[in-house]
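Labels A, B, C and D are assigned to the chains in the order they are written; within every chain, residues are numbered from 1.
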Amino acid sequence: MSVTLAQARSVIEAGEAKAAEIGQPMNIAVVDAGGNLVAHARMDGAWIGSIDISINKAYTSRAFDIATKDLAEHSQSGGQFFGIHASNRGRVMIFAGGIPLRRDGAVVGAVGVSGGTGEQDQAVAEAAAAVF
Amino acid sequence: MSVTLAQARSVIEAGEAKAAEIGQPMNIAVVDAGGNLVAHARMDGAWIGSIDISINKAYTSRAFDIATKDLAEHSQSGGQFFGIHASNRGRVMIFAGGIPLRRDGAVVGAVGVSGGTGEQDQAVAEAAAAVF
Amino acid sequence: MSVTLAQARSVIEAGEAKAAEIGQPMNIAVVDAGGNLVAHARMDGAWIGSIDISINKAYTSRAFDIATKDLAEHSQSGGQFFGIHASNRGRVMIFAGGIPLRRDGAVVGAVGVSGGTGEQDQAVAEAAAAVF
Amino acid sequence: MSVTLAQARSVIEAGEAKAAEIGQPMNIAVVDAGGNLVAHARMDGAWIGSIDISINKAYTSRAFDIATKDLAEHSQSGGQFFGIHASNRGRVMIFAGGIPLRRDGAVVGAVGVSGGTGEQDQAVAEAAAAVF
């Protein structure tokens, strides 16, 4: 089981709706069970630096089957995973906005959102993941 | 002038229709005037190695305002641009599938397609670019 | 709207004047709306390690439409963006010296300065951006 | 002995004049004796993919004290240096447009030009280097 393009688009669409609601354009990306990109969308006006971040937040969430917000807690200076952001050729994102997508309890993909504050990114990612 | 998300999606949709017609799932990506990703879609069953290639074919077409198929002609051993594929941190793709998107004669973005033979990629890219 | 070479040179020239005033040679770079380099100058005696930093401070300021000094506040350990410096292939600079260039309220490019203390870099970047 | 910023600017200015004469906007870069960037300029309308190439043509010319056009002859498939473009983290450019800058017979820097055909790049680089 993984994530189809149609499912990825539903997830992105839900994220876009939430982003529009809070008035902050976002980059939204979905990866499959292999951590590989299924679809990405940059809303008009969203930061170009967030393209890479949205894709890699999704990657990170699937790579470790965890929300990046939770990974962040253990990845600060002094934490048990501090320095993990240097691994995987710079693909590990340790701040809010990446959430695993689950089917019957198993992680089968992830969504990553970037374009606003950590709180905004997280809210959009949650709204996106909720429709999966 | 650049490429909006709505325009990028129309381009991708047209590419998908052509890919379905020829029966070969593809990765399709669109970049804006700055060479930055606007949207990407991987059709179900398309190669994961083609994610990066589709995005970078689009990048290359905008970076040099040329179809990657045409750049390829000059980039073979003995050609005037041989070795260009080593530049830009490995982002320059020198085989068919990337086509500039134009408005009033100016290149304002590009589409990149990867997932089949060079001929198939090119056919899908042409169908995609045609609706812009 | 973006940044022309003539405009970039005016920005760099203003930065150089300020750098000369404070007696610290600097690297100064300007990027356009797409985050791509328009012009760079390394003043005689300026650090060679600051070439990359100046270019990437400018990139970062445009990539997130923010002064790198402000991004720095949120990117320390414990902050909402901690770890962002690992993204974008190492191009995100999270210390003072990068400032967006605006036209009619919109960010259309950025200037990046590196070669001294954070305070010096920031002072030179401010003087440079002021003439845009 | 190396290349000052003032000298680099004279070299770039001469290159721009030649580029304007032939009607092809260019990226022009100058590096010092250490192979490190002194100054770069992208003329309005020049390819964004040529930013990196111009800087690295200059780097390559100083790195091996040779015109990239000449290095190209030995770097084609079958040549004694074939594969050299994979070295130095992708910084070695093996096509025309990079020329060493000499003082009293010694190479003290280099200029790199990218934005047109190999012939155009070479013509602009020669005009640029001639004023040094």
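In the analysis below, contacts are C-beta pairs under 8 Å (C-beta built on N, C-alpha and C of every residue); 3 or more make two chains touch, one makes a residue touch a chain.
From a predicted model like this one, the values you see are computed outputs, not experimental measurements.
Residue numbering at the chain A/chain C interface overlaps only partly, since under half of the positions present are found in both copies. When the interfaces C-D and B-C are ranked by C-beta pairs in contact, the top one is C-D.
The geometric centre of chain A is 28 Å away from that of chain C, both derived from CA atoms. Here the CA centre of chain C is 25 Å from the CA centre of chain D.
The distance from the centre of chain B to the centre of chain C, with each centre set as the mean of the Cα atoms, comes to 31 Å. For chain A, the set of residues touching two or more other chains reads 48.
If touching chains are joined by edges, the resulting network of the protein chains shown has some other shape, matching none of path, cycle, star or complete graph.
Chains touching one another form the pairs A-B, A-C, B-C, B-D, C-D. Taken in their complex, chain D has these residues touching chain C: 4-5, 9, 34, 36-44, 48, 51.
Listed in rising order, the residues of chain A touching chain C in the complex are 47-50, 52-53, 56, 72, 75-78, 85-86, 90, 92-96, 117-119. Here chain C touches chain B in the complex through residues 32-36, 89, going by the rule given at the top.
Taken in their complex, chain B has these residues touching chain D: 34-35, 59-60, 62-65, 77-78, 80-90, 92.
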